[in-house]
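Chains here go by letter, A, B, C and D, matching the order in which they are written, and residues are numbered from 1 within each.
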């Protein structure tokens, strides 16, 4: 029903995470009323970022410019004995935001819901083994989400990393802030009870 | 905390309708893992659409190519005596989708919550007067939303268009499908009662 | 797991509309900490109301005391030519609350999702026919909910009451207050368009 | 607008936890259509339970019949060295349901949001001190909710019970099942990181 060049753009935006056709068309009409120079700015920013961004050689965090190491990995004050494995970039940011963690990270690039070889291929497993092998690392924190996929992936990593003889831990499970016993699921309550301290 | 070229793109996406910083960063990481040719395709589609799309001279619906009139306005089978005023493009699409309306449209370009001159300036009021003046038009349907802004705008249009001596109507107000009397607000219930038929 | 007399009460409260076992147990513990005289007051109020309440002979609205007619049916200022059929008591209250309707009511006692004889038996159909037959009544308003059941029931009533040759109308369908075209379902939008005025 | 005996009952039900006037009136109409013997059964169950239920002398769990001790406190297989302090009866039930805890309980009777003497008076603090004093008890688990009130109360109890020289612990805080790092609040994420294991 829309002209082709609008429909094409709606289709492309619909592939963005969390975006459906309705939101995608709102994006297009937002752009339609934007002045030309703002569009130019957006187009430039997309091309630019794609050209400039590289991934950190150690943790796969995105970085800009020369050097090969991101700000965290090249920061001499960080604790190099601690390695926190996260699913994705935004999880790393979430942990950085609380300003309590002083170690390094490794971005796994996703989680898997089953352990079929094709599923596992999309994770950076070889790179992870290489990283954990490093003698500096003493403790590995599996900071996957507490979802089914996150837990399956953590279980897999635990077995994968066992041969390296490092201390392997997981984030504590329990009642979140604001949580009430009466509404907690049984597994959360069990974890909270087990990890009482 | 992110590299500049990522932060810049997050900022630009955060201005998209319904998008906050968290969703914007998910967009950026989605693009980061997209192959270069897909990025190229997106960048092309944005530039392309901005160059190709013009607005219909009669109804301000977006159109592609030559001619000056959109598909609806140039369709000889549409009823040219009926003009439906909508706030925006997606409202026009919503009405087209039900396939019950055979008249023409006019896209107002927004609504106003107050009737201050600066607020009214962003609406296509001059163009609307010009359009309604046309002797073909016999009935004008004010199809603004049933929100406070939509109703204020409809009220304003009613007064603005009065001198043209056309039949001016509004969309029916009442219980929506699935609506229950017990949970309806008083105004909706009053409208439903008044417009019983 | 609870003592019998608590479990028994939880089971009885769980049958109340909208109440599940969790809410039911909150009710019981609320009562457990209530002083004896407050419990006595509640028990009295339940017994009392069950003994005192009768149904209006004309509209089946609950009433207290002598007379046989509720306040609305016995109010000489109400318009006796108008009869509004509602599903249940709370719908009547919802309409009374807007203070726009001056006619009389009839409480049907429910709705049906199918037109099987057993389903229809639970409605006051005989009583309704008797009531509509009255020569005073000129207009019948089918004020069932806009749900599937409500609409099926309205359709059935329309056929049932046809032989009485009264004007039969329904509440207006359309956009509710606050409703937006973009998010309206197709049926609501069609109704809004048809009933424009 | 309702007859007195209905309004009275609506008012009483409106004081039930989670119940507003609208739900209260649904309760009343539910009762109105219930046969007399069902009403009688409800009234009996309320009176009955109020007469029969006593509170356990040790943990204040409700119990029925003779003896003075509830099923849990009188169960010889439970671990009498562990005391779990909960806010209310339903929290005790929630923990029992997971079948992992084998110790005893103490129902505090609420939480406080401030530590003013009048607020603290509604809690069973004297009884708690008496109970914790018992030489059998070795570990006290403060199983209050993870809400602001629950945490303030836990803090208060920690200080109150310190003189008794028992091990005092709290339920583990952290990510609940299904929880995602990206959406966790900072305090939850900090707890999860600190309590990694």
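A few remarks follow.
Here, a contact is a pair of C-beta atoms (placed from the backbone, for glycine too) under 8 Å apart; a residue touches a chain by one contact, two chains touch by 3 or more.
Worth saying up front: this structure is predicted, and the values here are computed from it rather than measured.
Looking at subunit B and subunit C, no chain is in contact with each of them.
Each chain gets one centre point, the mean of its Cα atoms, and the points for subunit A and subunit B are 37 Å apart. Per-chain Cα centroids separate subunit A from subunit D by 39 Å.
One finds 53 Å separating the Cα centroids of subunit A and subunit C.
Each of residues 22, 90, 97, 182 in subunit B touches at least two other chains. A ring topology is adopted by the chain contact network, closed into one cycle in which each chain touches exactly two others. Contact residues on subunit A toward subunit B in their complex (touch as defined above): 1-6, 8-9, 12, 16-18, 22-23, 25-32, 36, 39, 41-43, 45-50, 52-53, 62-65, 88-90, 93, 96-97. Looking at the complex, you find that subunit D touches subunit A at residues 86-87, 90-91, 94-95, 97-98, 100-101, 141, 143, 145-147, 150, 169-182, 184-197.
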